[in-house]
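I've put the structures underneath this note.
Each of the next two complexes has chain A plus one more chain, namely chain B in the first and chain C in the second.
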Partner chain A sequence: MFSTLAEQIINGIVTGSVYAIVAVGMTMIFGVLRAINFAHGEYYMLGTFGAWFAIDYLELSYEASIVVGILATIVIAYVVGRLVMQRMVGAPAEAGVLATLGIALILQNTVILVFGGGYKFFSGGYIEPVSVLGFTLAQQRMLILVVCLLVFIGLELMVTYSRMGKSMRAVSQNIECCEVVGIDVPQVVLRTFILGAALAALSGVLTAPVNVNVYGGMGELITFKTLPIIIMGGLGNVRGTFFAAMLLGIAESLVATYIGLQFRDTVGFVTLILTLMWRPYGLFSTEARF
Partner chain B sequence: MSLTQTSRETPLAEPSLEVRRRDLRLPLGILVAIVALSAPFLIGSYALHAIIIALIFLLPAHGLNLLVGYTGLLSLAQAAFFGIGAYTAGLLAVHYGTPFYVNLVAAGLMAGLIALPLGIPALRLRATSFVMCTLGFVIIGQAIAKNWISVTRGDMGLSSIPKPFFALGPASFTVSGTTGFYYLTLAVAVLATLAVWAIVRSPAGRNMIAIRENETLAESVGVPTWRYKLIVFMLSAVFAGVGGSIYAHYLTVVSPLTFQMYYSTTMLIIVLGGGAGTISGVVFGSLLFVGLSEALRVAPELRMIAYGFCLLILVFWFKKGFAPLLNRFWSFVGGVK
Partner chain C sequence: MTKVISRRAICFSTAVLTLAAAIPNFAGTAYAAGETIKLGLVAPMSGPNARYGSFSMRGAQLAVKEINDAGGVDGRKIELVSGDSQGTPVEGVSATRRLIDSDKVDFIIGDVSSSVTLAMQPVAEDAGILLLNAASSNPKITYGAGVGGYKWTFRNYPTDENRALIVAKYAAEQRGFTKFSVLSVDSDYGRSAIEFTKKYLPQYKGQILTEDYYKEGEVDFRSVLAKIRDSGAQAIILYGLADTTPIIARQMTEVGLAGKVPVIGNGEFNTPSTIKAAPRALEGAVEAAAWLPAWDAPKSKAFVDKFTAANKEGPNNHAYVHWETVHLLAQAIKEAGSPDREKVREALSKIKYDSAVGEVTFDDHNQARLPMILLQIEGGKPSIKGAFTAEIQYPAK
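Then we have the complex of A and B:
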């Protein structure tokens, strides 16, 4: 009984890590653009498809396919960023919702049109189980945990100390002042967007061996998981996002075990609505920001 | 044919020196009415099917327009209420064999009633969180439809929903075939359009616009904004529920897939593409975006990609959709330069 619970919590933390890596990009993009990125899950899907393509068609190794998946996503994110995201600086919130919804439709359905809508098998990854502290965990899940920690430590350092991190924080506080002191706002927006998309792709490539299935609609599912996370985490809040993601991952895993697998996908939005009734500005923000 | 908000408010242009052309609005309106009434004899049955689908989607779109276009609340929940309406009508028809108009009213009422407890927490939120919350309703609705198997039959959905029939005392009458259904949908759509027109023209409509333009200011001049937002949210659900009931009777099948982002997105495209805050724009939008793509038998993926580009174009270049174009056409027909 206890060991099942502990195992489920660890599974939940792994799932939470996957969500966290995707959601943190989304929340950073919100920070600089004030726009919810409805297309963010699609970059997760693109990364996975890139890796799947590399393995199945180019016959590369899993390691190389990670690089291919992320690079492909970066190229697409660069185009989308230049053409769409940069225009959204200073646009009203509704414009952001609609434009990114449009991008999500385009990306998702183009992939379905090109590769077909069916499930594809993702071969690759490290699926050997290992034992740590009495728990058996697939290597790939370990890898996800480690990468998630590294990503968040790296982001924390970058946001605090690096020039780009500082300019990102500046843009998220006041765009006009940034322009006055000579921060290239569109450039910061583009870089943040590409970074976020690349992280989503990384998450996708790392999760593919665990999920095994690759299909065109997978991005939408991830978007629907990460939207509640970034709002619960307090929009634009990197640390809050991390904890909200872990919380949701664990909650999903427990609900799937003890209530029923079919309710797993609603946990996020139910939690979100309950949270918002209690704290309308998210769990980790002290004041209403947006 | 209804005039749009803006064209009604702006007085006619100053009298110009040119000789004014004749006002052709009435003849054009009559012509449109004649074409609409005789459509089944003019076009094939597949095109008629496309128009029926467009008219069905017009209902939730009208509701969404009240919310987005007139009150300024961007909602993605329309698909949830559409689905609730479809299930209500389907369950009533399958289990109790109630006549069509009972199902239609019940579906609208049910959607409106469910919107009340959903709207109270949701409407307390600001822009972004409100959008998320309404999206949550769709996702949760789908989960309920999938898992409440004793009522909804889960993924199998409800099938063989009877064709709409009317019973008045001993006489009963069943609408079957595309032509009959076309007239039925047309009648409901026209009534709904008139209802929206009446709402928007009324003082309540003015208050809604005031909330859209500046909520704080509206509140300060005595508009009970909270009550208005809640009522409009419920009203938009009623429209969506009614649309859902017709949809269920037309397709004779309801499945959990009715609760889908796809429907919310489609309704959003109709409203924003046609022109949020205008009635004729939404009518035009549903015929164009739903009717035309249905008629051209575009593959669903291609249609979604086209919708995506439409959204981008609307956001960045045509912020008002087709409404300005329609207005200009209408003034042209009216003989105003």
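Then we have the complex of A and C:
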């Protein structure tokens, strides 16, 4: 009984790690742009496709495919960032919703047009199970867990100490003041956007070996899972996102075990509704930020 | 230089044009010889079931090419028009309407998903278009067809009822299993297969310990597989989607179920790439399928060779059933003597068609009498244990 519970919590933490890496990018983009990036899951998909392409067509190793997947996503994110995201600075909220939803459709359907709508088989990764503390986990999941921790430690340090992190926080607080003191706002927006997209791609490439399938529509589900997380975490809050992702992962895992797998996807939306009803500014901040 | 068009000329030409446009309507369903026959194919060409759509399409295309290369049906070529159902009832109904209203198809083959086919039935019925299903297994489709209601629905595919019975029987009698866990897809196919499994399990003293259904597109099965492992089940009853089988099998290896608890049911367990993804988890798996590439019949082997040559990959069950169903329809049109829908429907209900898995005839519910093939994965390869046909007991109305 206790070991089942412990095992399910570990499962939840692994799932939560995947969500966390995707969601943190989305929440940072929200911080600087005040817009929810509905295309965020598509960068997760692009990263995975890049890696799959590298393995199946260029016959590279899995390690090299991680780099290819992320670089490909960075190039696409740069183009989208220059053409679309930079224009959203100061634009009304509807503009952001329409623009990002449009980008999601374009990216998804371009990939389907080029590679076909069918599922592709992702053959790379370390899928051999290993035994840890009496539980068996695929090596890949251990890797995801470690990478997630490193990403968050890195982001905390960057946001707190680096110039880019400081300017990101400044932009998320007051765009006019940033312009007055000489912070290049469009540049900060572009960099944050590329960083967020690259993190989504990283999450996609790391998860691909355990999720096996690669297909054009795979990003949609991720966008819908990350949306409740960033709202629970307090929009724009990096640390809050981490804990919200873990909470959702664990809650999903427990629901799948004790209630039924078919109710798993409802967890995110139920928590989203509850959060919006009682703590619309997120679980981890004491007051509304704006 | 200017040309003056008189009012009389305009009146005259309009009258001629109107008459010309009206002639095909006067002609009604009397087809001119040499005219093409339009065949609509509704299948999931995108979305989580796109694999099925892609195989269905290529199977149907191969059959159409074979028929047209041989001179068509009584000199008429077949033109295949595709409609994307995305595997969802809403899109399936729109695709069906588009095929009927704008593409003006004469016949429709579709869909793969039972949920979509059930939604398409009333649309085809209202339009009086023959809907020939080739790949949905939910029994309700033909419970409500023929004398059951929908006159225009036919199904050339065995049902979940037959499938559930032979899987339960084999698991109990040949493998000696009594304790089962359910892990099926949350759809009309996955749920009806379990419904009928529950009907037959008590006969074999089988009991279900846990019951879970996954959403299409689910990728994380660790929690539910750990629960199944701890429940003490001897086998997992899995009626799932082909694309999800490798994920489940890999995660079975991860949580330590591989080699201990086999999966039984359906979900393309016998596809080489699926077995390669998790060989230990799929060893001993039992599956009931309408067809599989390893089926030993000359017509079947010839199809596998032709399909593989044209597509650089081997066919699956859906490629086969759509290929066979297009040929079945062509024979019905030939026997009817014209593509007139009423006559083709009559011909179909009386047809005796020689398929790769045996002779096909339709019962009074427009359901084909077809066997389910039972196989077991042994040494990484499917080994066929036999083909079983069951007469369907329709519920009393």
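We adopt the following convention: the second predicted complex is superposed on the first by the 289 of 290 C-alpha atoms of A that agree within 3 Å, B and C clash if a C-alpha of one lies under 4 Å from a C-alpha of the other, contacts with A are read in each partner's own complex, and residues count from 1 in each chain.
Here is the rule we use: a residue touches a chain if its C-beta (ideal position, glycine included) is under 8 Å from a C-beta of that chain, and two chains touch if they have at least 3 such contacts.
Only a predicted model underlies this, so the values are computations on that prediction, with no experimental measurement involved.
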Applying the document's definition of touch, where does A:Val147 land relative to chain B and chain C: first, second, both, or neither?
neither
Return first, second, both or neither, reflecting whether A:Ala64 touches chain B, chain C, both chains, or no partner chain.
neither
Query raised in the report: Does chain B (first) or chain C (second) touch A:Thr110, or do both, or does neither?
Result: first
Message = Is A:Leu227 touching anything from chain B or chain C once the two structures are fitted on A? First, second, both or neither.
response = first
For A:Met158, select first, second, both or neither according to whether it touches chain B, chain C, the two together, or no partner.
neither
| message | Output check: A:Ala170 vs chain B and chain C. Expected answer is one of first, second, both, neither. What do you get? | response | neither
Check your understanding: For A:Val212, is the partner it touches chain B (first), chain C (second), both, or none of the two (neither)?
Key -> second
| said: Looking at A:Asp265 after the superposition, I want to know if it touches chain B, chain C, both of them or none. Which is it: first, second, both, neither? | reply: both
Q.
Looking at A:Glu7, would you say it contacts chain B, chain C, both, or neither? Reply first, second, both or neither.
A. second
Both chain B and chain C touch chain A at residues 112, 117, 260, 262, 265
Interface with chain A, chain C side, in the complex: residues 45-48, 50-51, 53-54, 183, 186, 211-215, 217-224, 226-227, 230, 243, 246-247, 250-251, 253-256, 273, 277
Touching chain A in the complex, chain B uses residues 74, 121-122, 124-129, 131-133, 135-136, 139-140, 143, 146-147, 261, 265, 268, 272, 299-302, 304-305, 307-312, 314-316
Residue set of chain A touching chain C in the complex reads 4, 7-8, 11-12, 14-15, 112, 116-119, 121, 127, 129, 136-138, 210-213, 215-218, 221, 252-254, 256-257, 260-262, 264-265
Within their complex, chain A touches chain B through residues 36, 84, 87, 91, 93-95, 97-99, 101-106, 108-110, 112-113, 117, 220, 224, 227-228, 231, 235, 260, 262-263, 265-266, 269-270, 272-273, 276-277, 280, 288, 290
